[in-house]
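Please go over the structures that come below.
The same chain A turns up in both complexes below, where it pairs with chain B and then with chain C.
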Partner chain A sequence: MTLPRHGRLWLLAALTAALLPQLLRLPPWFIPYCVALLGWRLAIDLRDWPLPPRWLRVLLTLVGIGGVLAGYRTLFGADAGLALLTVMLGLKLLELRSLRDAMVVIFMGYFVVAGGFLVDQSIYVGVYLLVNVLLLTAALIALSHPAGPQHPFYLRRAGLLLLQALPITVLLFVLFPRLSEPLWGVPKTSSSASTGISDHMTLNNISELVDSEEVAFRVRFDGPVPPASQLYWRGPVLWVTDGRRWDPVSRDLPPRWQMLPGRYDSLDDPVRYALTLEAHNAHWIFPLDLPASVPNGMALTADFQLLSKRKVIARQRYELASHTRYVTGPLADEMYRLGLRLPTAANPRTRALAAQWAHLPAQAIVDSAINHFRDQPFWYSRRPPPLGDHPVDDFLFTTRRGFCEHYAAAFVTLMRAAGVPARVVTGYQGGEVNPVSDYLIVRQSDAHAWAEVWLDSDGWVRVDPTAAIPPHRVEATTDAQRFRSTDAATLNIDLDWAQRALAELRYRWDAVNDAWNQWILGYNHQRQKELLEQLGLLRFGWQGVIALLAGAIAAVLGAVTIYLLLRMRGRHDALVRIYQRYCDKLARIGLRRAPHEGPRDFARRVAAQRPDLADSSDEIITLYIDLRYGKGDAATSLPLLRAAVSRFHPGVRRASD
Partner chain B sequence: MATPLTLRQRFSLARFLRGLGAEAGPILLDRRRVYILPTRHGLLFGAVIIAILLGAINYDNGLAFALAFLLASLGIVSILHTWRNLLGLRVEAGRCAAVFAGEQARFPLGLRNDSAEPRPAIILAPDGGEETVHDLAPGLSWVEVVRPATQRGRLPLGRFHVATRFPLSLFRAWTPLELAMDCLVYPAPAPQRGLPAGEAGASGSGGDKGQGQDDFASLRPYHAGDSLRHVHWKTAAREQGIHTKLFTGETAQELWLAWDLLPGLDTETRLSRLCRWVLEADAAGITYGLRLPTRVIPPDFGPGQRRRCLEALALFGDKP
Partner chain C sequence: MHTLLNQVITQAGSIILGKEHPIRLAVACLLARGHLLIEDLPGVGKTTLAHVLASTLGLRFNRIQFTSDLLPADILGVAVYERESGEFRFHPGPIFAQLILADEVNRATPKTQSALLEAMEEHQVTSEGETRPLPDPFFVIATQNPANQIGTFPLPESQLDRFLMRIELGYPDAQAERALLAGRDRRDMLTELRPVMTPEQLVQAQAQVRAITVSPALLDYVQALLEYSRHSPHFLTGLSPRAGLALLAGARAWAMLHGRDYVVPEDVQAVLPHVVGHRLQQVQAEGARGNAAVAAWFDEVAVP
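Entry: the complex of A and B
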């Protein structure tokens, strides 16, 4: 069977739409390549160009495969595989002959759409998925309809099919049992550039995170949101410094002590929350200080970093619990030594300052340093001046402007120089509550660094030197607020209504995104189990769920069938029903139509037996015969007939009779 | 109209594969007649869905799950659409015009779409023939099944499928049908031209004056098959009934086209030659009769005579 031209054009349109987002992602040389292939196809369909000769197709194939190899150094893996699929799809278009070819192309198109989900699963992609399926379905319809182009009809029918398919899709999505483990090892996916906290910090570098409004993670607390002063989200802990750069204990070769989970005594009930972490291509989970339990697939280090065993390469949802008041256990010797180590040559003035405090008790040393930041003219600035060879010295005694990293590094340097074990902790601080849906949004701009010192009485204690800077010395008001409140309204109190409306809109959009993450992307085995348990559907086990799924789908299909049958029921059926009603009314007074009796004969018999009914009966029969066998117009005559039959009361004898 | 099936008929595999045998129309394609199964494309579509689903499970990818489920739902819903596109269609046999062997027999089939919506892409697939695709608007549409007429005699329409793959070509709904309907196939006219020499009017009863076309002789009541050219319209206009004008003429001759005139030939060749003679005699307007071993058609002329003679030739050797 040859392919109708309108079918080929729909196919081309649908495929172009499916390929579009991929093209933007692939190496740039793909764009002219694919545009050329699609363009040729269009010329074949519109201008009757010939299919390209075989040698040219082989050449184009080699060019495509070579291009993929050059770009990715492999033909396997998600990225290269997707690129290869795109090339094959374009080439297949150039040898489109039979319906089978067209089907193969459409099915490859579905794979391309699905492949794109490995890279991006945002709401936009979800909506675009519907557009893609709509177009591909319309293409299937056009290809199945050789009689000729009826473009709006294809789109309408595709929309109808999609609309009827959606309830079943939702049922399958919610009830189809999800597995807790992948079927086989998940290969490493693209190292898509994702922003997030880095595993080290270097003074002098302006952190690009400070200005980023990207969401780092969202948190939904089981109870009330803890006060802002407790919202420290723990990430990498930095121990090792050369005076300028701070690094964690090597993750590749961690010392033995680091492998032992840190221990502490909790002083309060745990805070429970669900944390939905955006992909950041690293292992940290950012629990609230300090994590109370270690979920499966994670490990806790001695310095209380919660690490996922796999890199977080896709958005993930974690159920976590934390204690905000705690006393940590004893200090290992190695940790003690590492917590005091400083490079001997760097930052001499800082060490001289700390030496003055060395005779004081540890708590007093901490207070002295904090007072120093508060009393001296230190400013909080997102754009601090550059620092020289002894960065901490320069910061403490010359520039006195910096952000959290400067304060944390300077403070820890002072502590170590004064003989108090200390370390830098990085992560996030605070977050803003989305008033629309009551969860906390933590953005990249909430990235923070603070310090922990070891006090004999309390163990490791968090000290945030940045928070010591009085608000009037903070350059941006939002920075001044962040340690004091998570209430969005206080941030916007002096903004005009337009900005407030914009902020409101932003919260609503973020709430939609959050719901999308929770229910579409994060809907996994765990979530499904929770939901089904809440709904009481797991009472009969998974077999019960499957039976329910089958029953619900059957119900939807039944409804669709009834709809389709009613919609297709034509004027013939309506006519027959009305005529039947007329016959039924007569049957009730004993005038039964014989099976062989035609309408005219029957009417004649009725008129003979009941002259009073002759007129009304004749009107009905005339209309009926005209509609059934003549040229009666259903739009006008059918309502007339229906009304006439409704008025027809053979049981009532007229007074004139 | 279709009669109810017995239980045995209903579940017979033969019915599924071959239909019910020849039936008189019209036939309503109701639920028990319409079958539906996935096409090759449908099976491939299923494989694609399973592949996407496996990927979704493995990468725990929510949107891939959504896509797999959406495609599966589309496939399921399309079953209903395909089924409904065929369900309720009525098929009736039309009158099939006779053809000569070697020509294409055209079987007109009436497809009545009683629904308010058009039925797109309804496929007519005769066994061993080329399938044709039709869009059926509401109401009655006439379509043709064309089969080559290779042999004289009665050519049955044979078994055919009414089917549809609309809307997605993933499923095919079909009904195997066999309508009691056939096409009369005349023998192929032999290439040799020229009529046999007439056995002059002497044959037959002597009192027959013979009929010609030159001189008007009398009127007789119209018989079906008489040429319209010879109708006496004046009497018809006076409402005195339709009459046919009879002529006599010097050229009036009565030609017997006889089986015996073609000795030594095989049956089919003889029939072919006779067929050619009938056509030529008819074209010349001659009064002719046909004499076959089994049947004699008395001399006459006009379309009725032509049809009678050709029919006798077509069915020669059949049991009556």
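Entry: the complex of A and C
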């Protein structure tokens, strides 16, 4: 059967839409290749070009496979697999002859569309996927509907089909068992995010992160949001310095203590929250100081970094708990020594300043340093002047301008020089509450660095030297996010309504994104288990859930079938049933009425084949036709017909034959 | 009335041998107040059929031979200036008759074709600003030759829709042909024909056809057929509502010819090929064509 042209054009359009996102992801030289394939197909459909000869198709196939191999060095994996599928789909278009070919192409199209979701799971991709499925389904309808192009009809019908599939889709989504660990690892793809906090800190570098409004993670608290002064999200902890650069304890040569999980005594009830972390291609989860529990697949280091065993290469949702008030346990000797280590040659003036405080108790040393920052003319600046060979000296005594990293580094250097163990902690601070849906958005611009000092009485204590700078010494920059959020109430008055509307819109859109993350992407094994437990469905185990799923789908399909049957049956009144009985009786002796055969024609055939039945059959047919097509009176004739059909026994031949 | 009609058919059948079925269809078409298109090769008796019907029913008969230089006025009539009275007088054209044979209608230009087809549809002629009704009954038999399409203007689908039925006569079978060859000259026989019915009786019969009962079950069937034609993958476009009315009218006339005052599905099936054959175009370019091939698809529709 030849394919109607409008069907082929629909197929081409739907397929182009499905391949478009793949094309943008492929190596650039694929674009002319695939555009050429699609273009040739268009010429075939519009200009009646011939299909390419076999040798050319073989050549094109080899070029395509060679290209994938050259680009990815393999034919397997998500990226290379999708590329190969794209190439093959384009090639298949050039040998599209029968309806079967078109069906193959459409089903491959569905596969490519779903494959795109493996790479990117944002809400845009989700919407685009739905549009693609609609287009492909419409193309399927157009192909099997050869009479005349009726484009709105195809789209309407496709939409209707998708809507009808919705209940089963929802059932499968909710009930189909999700695995706690994927059966096969989703292969790493090239588009993994690489933004995020870095694992070291260098003074004099301007961080690229500070200006980024990108979301780092979103947090939904079980209870009220804790006060802003407690919202310190803990990331890498930096110990080792050469005076300029700060690094964590080297992971290549792990000291024994690093393997020990951190311990502390909590002083309050844990704060529970769900943290949805964007991909940042590193191991840190950013829990609220300090994490109370270690979920599966994570580890807690001795300095309370919560690390995922796998790099976070896709958006992930974690259920976490934290204590905001705590006393950490005793300090191991190695840690104590590491907390005091400074390079001997660097920053002599800083050491001299700290030496003046060395005789004081530890708490007094901390206060002295904070007072120093507050009383001397230190400014907060996002764009500080450059620093020389002794960066901390330059910052403390010359420039006196810097941002959180400068203050944290200078403070820790002072503490160590004065004999108080200290370390730098990086991460995020604060975040803005989305008023639409009441959760916290933490952006890259909320990145922060602060210090921790060791006090004999309390253990590790957080000190944020940046907070010592009074607000009037903050250089006006639009990026001073932290200060803006504290003064949000006063600033809001100055915003005109357009800006407020924009902010409102941004909050709403972020809330939509958050819902998508929470309910669609974040619906994992754990959440499914919780939901099913709440519904009491897990009482019978996962087998029970599968049985329930199968049963529910059977019930939906069964209900539809019964509805359709009933609707058909409703049209069949008593008269039709009696006639049907007559036809059934004849069917049993091999005289089957063709569906299009009228009653008179059928009766004539019956009479010709079985002359002995002619009279009784004619009587029935005459009554039936009179009732159904003529002006017969049902009250009198229907009982006659019923009796005649009851008497009718075609299986029994009369003795006279 | 039923016997009278059967006499008409018998008498026509005595001249055109072996063609009872096409004659019945033609009479049914006439009873349904529709017009007839006969598509067949020359010499199979198209003209004779028209003559026989006219004579048997006592209708005033005109024949118009369509040619490429035929003008609308040649059919409808023309106003001519008369010197004695000093004014224009309308000379009615050949269309002012009760039975018209439009021979080889596809040879005329579209303008002339549409003049005829409009008159057929409206049952009146408007010329020089004056509207003149056509006689009643008014029945057009148009013929066209499927071969020799050079220099013709095939009727567009919208015009074809105005013919209630399209029939084919075909060659006679061996027995009928033998009788024809051995028998008398048909032209002589034509002159001897006596009318069986009067035009008034025909109009009466046409009125009776419209009163024939159509049950809801049968309407279901007709609707199913129309619905099928519109969603079937075998046709480019579906049947129009006018085609549905034509199907029902034809089935009623067929029922009356068979002495019934109600329509059964077999009546619909009998006229179906001739009512839908010229209204539907099959998708498939190759394969069987013609009324029977088109109608065969409708076997997919079950009788409810």
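By definition in this document, the second predicted complex is superposed on the first by the 502 of 657 C-alpha atoms of A that agree within 3 Å, B and C clash if a C-alpha of one lies under 4 Å from a C-alpha of the other, contacts with A are read in each partner's own complex, and residues count from 1 in each chain.
One rule holds for everything that comes next: a residue touches a chain if its C-beta (ideal position, glycine included) is under 8 Å from a C-beta of that chain, and two chains touch if they have at least 3 such contacts.
Just so it is clear, the model here is predicted, and its values are computed rather than measured.
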Which of chain B and chain C A:Thr16 touches, first, second, both or neither: neither
Touched partner set for A:His145, first chain B, second chain C, both or neither: both
Chain B versus chain C as contact partner of A:Gln121, first or second or both or neither: first
Dominant contact partner of chain A by residue count, chain C or chain B: B
Partner chain in contact with A:Ile625 - chain B first, chain C second, else both or neither: second
Partner chain(s) touched by A:Ser293 [first = chain B, second = chain C, both, neither]: neither
First (chain B), second (chain C), both or neither touched by A:Ser437: neither
Partner chain(s) touched by A:Gln526 [first = chain B, second = chain C, both, neither]: neither
Which of chain B and chain C A:Asp601 touches, first, second, both or neither: second
Contacts on chain A seen with chain B and repeated with chain C across the two complexes: 144-148, 571
Parts of chain C lying in touch with chain A, wherever the complex brings them together: 213, 215, 217-218, 231-238, 260-266, 269, 283, 298-304
Chain A residues touching chain B - in the complex, by the definition given at the top: 99-100, 103-104, 107, 110-111, 113-114, 117-118, 121, 125-126, 129, 133, 137, 140-141, 143-148, 157, 161-162, 164-169, 172-173, 176, 178-179, 182-184, 186, 189, 314, 520-524, 553, 557, 560-561, 564-565, 567-573
Chain A to chain C touching residues, read off their complex: 4, 144-148, 571, 594-601, 625-626, 628-631
Footprint of chain A on chain B - complex, ascending: 40-41, 44-45, 48, 51-52, 54-74, 76-78, 80-81, 84, 88, 113-117, 120-121, 133-135, 138, 165-170
